[in-house]
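Presented sequentially are two complexes of chain A, the first with chain B as partner and the second with chain C.
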Partner chain A sequence: MEISRIAAMASKEWLEITRDRLFFSLAFIVPLMLMLIFRFGFSFDVRNIPLAVVDYDGTACSRDYAYRFISSRYFDFKGYAQGERQLGPLLAGGKVGVAIIIPANFQRDLAAGLPARVQALIDGTFPSRAQTIKGFVLAINGAASLQRMAENVSRTRGVSLSMARRQLQPVRLEVRYLFDQSVSDWSLIPRLIMVVLMVSPPLLTAVGIVREKESGAIYNIYSSTVSRGEFLLGKFSPYIAISFVNAMVLWAVAVGPFGAPFRGGLFFFIACSFVFAACTAGIGLVVSLLASTQVSAIVFCLILTFVPVSVYSGLLMPVASLDAAGRIQAHLIPAMYYTDIVIGIFLKGAGVGVLWGRLAALLVYASALMAAGYFLFRKRRAA
Partner chain B sequence: MRNGPSRRRAALWLGRMRALIMKELLQIFRDRVILFSMLYMFTFNVFLLGRSVNMQLYHAAAAVRDEDGSSLSRELASRFRQPYFRLVRAREGHKGLGLLDSGKVMMVLDIPPKFEESVLAGRPARIQMRLDATYPLQALQAYNYGRVITGGFIPESGRGGVSPPEGPGALPAITSEERVLYNPNLNEGWFMSIAELLEAVTIFSIVLPAMAMVKEKERGTVEQLLVSPLSPFQVMFSKVAAVTAAVLGWTTICVFAVLKPFFHLPVRGSLALFFIVTAIYILACSGLGLFISTIAGNMAQAGLQSLLLVAPIIMVSGLWTPVDAMPHWLQVLTLFSPLRHYIDASYGIFLKGAGPGILWQPVLDMAAIGGSVSVFAVWRFRRQCA
Partner chain C sequence: MGKSPVVKGMDPVISVREFTKDYKSVRAVRGVSFDVMPGEIYGLIGPDGAGKSSLLKAAAGVLSYNGGQIRVFGGIVCSERAAERIKPRIGFMPQGLGLNLYPELSVEENIDFFARLMLVSRAALAERKERLLAITRLERFRQRRVRHLSGGMRQKLGLACTLIHEPELLILDEPTTGVDPVSRRDFWAILAELLQGGRTALISTSYMDEASRFYRMSMLYEGRIIAGGEPSDVLKTVPGSIVSLRCDDPERAAGRLKAVFRQAAVFGREVRVFAKGASPDEAAARVSGALSGLDVKDIRCSEPELEDVFIAIMQEKGFLQTEGPAMPPVPRGEQAARRAISSGIAIEARNLVRDFGSFRAVDNVSFQVRQGEIFGLLGANGAGKTTVIKMLTGIMPPTSGMGWVAGADMRRAGREIRENIGYMSQFFSLYNDLTVAENIRLYAGIYGLSARRARSRAEWILQMAGLRGYESSLAGRMPVGMRQRLALGCSLVHSPAILFLDEPTSGVDPVGRRHFWDILFTLANREGVAILVTTHYMLEAGHCGRLALMHAGRIIADAPPRDLRLAVQEKAGPVLELEVEDPFRALELIKGAGLTGAALWGRRIHILSRDPELALSRSRRALLPPGLKILGYSVRPPDTEDVFVYHVLAMEGREKAA
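The block that comes next holds the complex of A and B.
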């Protein structure tokens, strides 16, 4: 293996990349654009759920109750509906995500000290959203109910309102959100670095390498004195470099304009990101060796990286909540380890002590991809 | 053609169209990697992802640090139960932070000393929930359930004198009855399997036409097509038609071989309607693909450009996170994503039994997007050829 040949291969590849101006700029524009779009398009925050209310009672008391939902930042009040019949098309057309139905005699019953029963219709099309909505409805209703009962107890038994409340609800729950006080944005941004690195560099590398194969220019390599190791290293290194630069740019965007906290060590983050960049570019390398045309390389890449990333990377849900088969799949993809690393470094201030296992997994992954690339690449084609 | 449609010309035109479409179909089915990819995406992927995903709070690992150790504290802790929570035994004296740091649990419930004493004496008793907010959605759901659990926790022995003689019914309690429509058991598989089908349809309908066009351009075979008696429209439309046929075929396989038998997905609307809507959607996506092909000079560029189009469309059209939570400017932008309308239409047909009365709007939106993009693409292509 000779350094000069590797360098020659690398500089040839570099020229090829940079001379295609559009391709070269896309290599950096695509990650940035995706980061930007996902930053605003991906929100873990559940709010502005379109809400409709049917008030069969129409009294001060029922309006007061409805107002608890209307004023909540989780809901976006779309208006009162005349009756349940109106709700059908609204829910079916997705115009409304939840509808509260307050029965007639709501005020009368409560004033008489009798229990009342409201109904909430929830659109179950997106189950996790429906579960969250259900939680909000339960919580808001619970608060309203407690208020009514406490007023009643305080009036009938002559105790103070706060005393009545305490007796009705002896246990108070306090919550502390750890690591992400904003409960949404901070934990999203480091993950976006993972997503973007997972989808963009593999495709870049795959199309960059396979085009030599499709155009037939690869025969020059077959007939040259360059060994396969030299060829692969030289060919591959510009793509690792681009991916790594992209990782750093994304980091700068995350901690700069996007304002994510960065609590861990920068050097450790750089090391991990370099290994991850090698992994993602390595996926592209292996794809390029398996696929013979650029079309198939692109489709293959999307299936290997883009499709699993939303589910198996820990982007939307913890890997622990997947079923057994899903957990196995998640462990086979490098994204999951890098998610743990970025979350650990950005939000928890974790270092090598906690995350070495993940870094080791990424190293194994990167080496395995290189090895696969080495064995898949044949200078002499099988007859 | 310009002289007006006579019957012979029309027959000739159709014959050429058919020949071209056959050529495109052959090209799709002869590429083994594409064929395998379509098979995988429309069957195995839908099956695997539909089965394994759960975005709801489910079996969340929770540790309890019970410093009271009374029967009341144990009673409260035991209410944090399946299917939402899974109690993990915390070591004695463990502060619980290590467990949260390492991600072993997502929640630690702290019950302070003298908890039972306070409750029985009618003094305020506070317990604390420490949540790992790195999974915000799940953390929020955990908090919501925690609130409901503690809010309704009135121990039999600890009513502190407010226990009304007639039982709890005599208090003006408001109970809410939550009815989840369309998917009452919150079966995540119904949602995910459709989502993955839509994803597969989107990827292939954008990428394949774009690549097919760019390939002709890169190889120079497009010149051959242009000197033949074919109009630019015919050249482009034949590719779109072939992709539509192929994707529609795989969609049918997916519905009958995966969605129905494995997920028992109800089809509350009309399946025929679903296939018509899907065909319109594929046409709209192909228009986007063709548009890419007119701005890309080579396949490598086209690959990156399609990623730039496919990734936002799939990630930001409302499948994974709700459009309502996005900033307003982006909500407006999503209206230009055909997938957003296709999501409304297909979930509407499968789960809500939506008919033409509701579907006309998403279909019209998709058609408008697809139509205008295609016209623009053909126009650009024609100019480039001239």
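The block that comes next holds the complex of A and C.
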């Protein structure tokens, strides 16, 4: 091992990255951009759902019922529609996400003690969103029915309205969300750090190495006495460093402007992020040794990172809810472990005691990739 | 040559025995053997795909091989471990002009990086860097980033970086491809200087005319050595004389000559015959005899060049069965050129300028191409040739200046122009996953040919390009020469009157190139097609009816090649070639005697002089005191490269004076 040779390669790499405008932005601007784009493009929050109402009854009672939906902060009232015919194109065009149809005789039926029927049309193209909307509609309808019943009871039994309500609902459920009290986007932000660190370092590393293969500059290494280990350390360390710096920048953005809570230890987070950066840059390294053109390297990287990130990382759905095959896949990629780690540190204040297993998995992963890089890199090649 | 430059009894630096290399199922090199002795410049000459790069890489220890053996410095290179042992003593420069350099780093940073990679001590680096920068004349540019260097400067920097650890053996893969002739000469001079002190070099090239730069060489074709030895000996393997003549009906003359001599080719109005085994007088007499009754002028005899010998050997070894594709006549009503352009001027460029930011790629270029003329644009990579073509074909707007193609203004009549022209780029623009027939059909569809016409044109193209029987072969799987002719055919599918060819013959072997030129001459002579062709092959440029030399965006001379040569010969004189003992010392002595234009060519010395007799006697006198003998000499007219270099130097001289 010649330290001077490793330093020569690392500093050359650093000069190239900082001087090439395209490469510089790929290294430092793109990760930040990704974070911003995902932050504002991605939302688990279902709010302001466009709402239309068809009121065939047109009585005080039906307006009162409709007003419960219109005034809800979850819905964005777009207006009354004249009939169901009008709703079709509005729902199909996405202008309305939910429609409430109140039939004629709504008030009369209620007054007569007959069951009144109301229809809710929900855009079901996004199942989870549709489920959430259905939940809102059911809750509002339930509240309206309860109110109606309480009024009846209070009138007929001569008790106060609040008394009637208590009697009608003997068991009351109190829900408290832990770690993220408002069930807002807090839990998304640490996950985004994972997404960006999973996508950007492999791309940067793979392109950085493969472009030398494409230009022929890699022959300077092949034909020199640089050893495999020296090459890997010298060429690869700037990319780990850059990815690590990015992790810190993303952390600052998360806890600063994005207002995410950070309840765990910073030092533990730094250590985990460094290992994860080595993991994902390592994916880029292995790709770069297998691909011979920049285009194929980019395609490889995107397939290897985007798909796992969106499905098997715990970004959109918990790994526990995947089927058995999916869970196995999830355990084979490093994203899942890091998701657990960031969620644990940011929101749950967890530390080494709880998360050491995940960190160990990442360490194993990083070492395996380095080893693969070492054995795949050949200075005397067959083609 | 009198004395072998190679000292007998010494161990070779590189010894290659029965070397074989496969890429998957393709055998790229088939049992090649040769030795490179200490202190010599050994050349590997051949077209793309001949196996040169495989051999060089294997010798440099960066490529494994399938059979045979390579010994470097006595050790067998057969594993990564064995290869590591020889690497400190080798300098390897891969193919591609300065592509192994780091474009974002400055000249000096590049040299420093290579030095640190090879563990050169600080003190040694400081001293060597100054010396190398001085020899390559890059001192003034040490802070400049490589991306802003010209091709010639990159090439010299590449050489400096390769030499920074003072390797005993230099392995250079096509170091001169695409470099302008001035830089090319410079390169060889610098290399000669740097190799002093017993260094050995193994160098590949695809330029046949560079053979004389080598002490010894091997000529490669499709993975085999087809000839080897000292360049002069290789020339002697097929003895004979070249007879060239001018004739009003060159095709008829060539037809008769081919029956007698087999190797006869038409270059415009000129016919060139290789009379094997004949002395010059005999050859001239036999040629005159064969052509009795035809109007023949200017019969000249010369020694065969390496390209002639290459073709002769290929014929002998049976690599060439056919005499090349035969050009079928074009059915009536389809002859594009007969829709004659009234003025007779097919292409005109007037004061064309194109800037890219602050860089002027094309600088005030003007020329005319007549109907039926082959007009050559000769220049290095980056001289501005492709930009000129892009402007004339309406693909790129000029910064200023005008251009007309087939009488239509290039700035307005884009569509009209495209219907009248055929365009073939250096990348052939074929669809590699389509078959030959499908490619032709596709182009016929693009130009909106009727089904009937498309069929008749396809027939014509297959015949013209000699591709009959290959209709259902995939374009990507065919050899370069065939792909090139298919691309030409596709660009001719709509019978255009004007043809733009952008470096159409890069990397094609001499035989393929000659076939290609046969087609071009027929198109021009018989169909009256105007052809604008760009090239960086000096030999090929000589075939054009008219030649414009392009350098740094400007046209520095424009005339028929013969006139260009004669003009330079008149102004600067012919070339005196000296064969001497100890050429390095001899060159210094000759330069010291005031003949500053003297340059080293392999082991010979070239002097451009108006009075070769005087130059010869002055050289003799200069070599007398140390007792160096002149073993032989000859005087020959300047060739296209001499012409190019003369004009560039003259231009630079004028600019310095101004």
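Heads up, the rule we're going with is that the second predicted complex is superposed on the first by the 379 of 383 C-alpha atoms of A that agree within 3 Å, B and C clash if a C-alpha of one lies under 4 Å from a C-alpha of the other, contacts with A are read in each partner's own complex, and residues count from 1 in each chain.
Going forward, contacts are C-beta pairs under 8 Å (C-beta built on N, C-alpha and C of every residue); 3 or more make two chains touch, one makes a residue touch a chain.
Please read all numbers here as calculations on a predicted model, not as lab measurements.
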Partners on chain A (chain B, chain C) - clash or fit: clash
Partner chain in contact with A:Leu332 - chain B first, chain C second, else both or neither: neither
Which superposed partner A:Ala104 touches (first chain B, second chain C, both, neither): neither
Which superposed partner A:Ile3 touches (first chain B, second chain C, both, neither): neither
Residues of chain A touched, compared between chain B and chain C (which is higher): B
Which of chain B and chain C A:Asp20 touches, first, second, both or neither: both
Touching partner for A:Ala92 - first (chain B), second (chain C), both, neither: first
Partner chain in contact with A:Ala252 - chain B first, chain C second, else both or neither: neither
Which superposed partner A:Gly208 touches (first chain B, second chain C, both, neither): first
Contact residues common to both interfaces of chain A (with chain B and with chain C): 20
Of all residues in chain C, those that touch chain A in their complex: 23, 60-64, 79-80, 83-84, 87-88, 90-92, 94-96, 99-102, 104-105, 109, 113-114, 116-119, 145
Interfacial residue positions of chain A with respect to chain C in the complex: 2, 4-5, 7-9, 12, 15-16, 19-20, 215-217, 219-226, 378-383
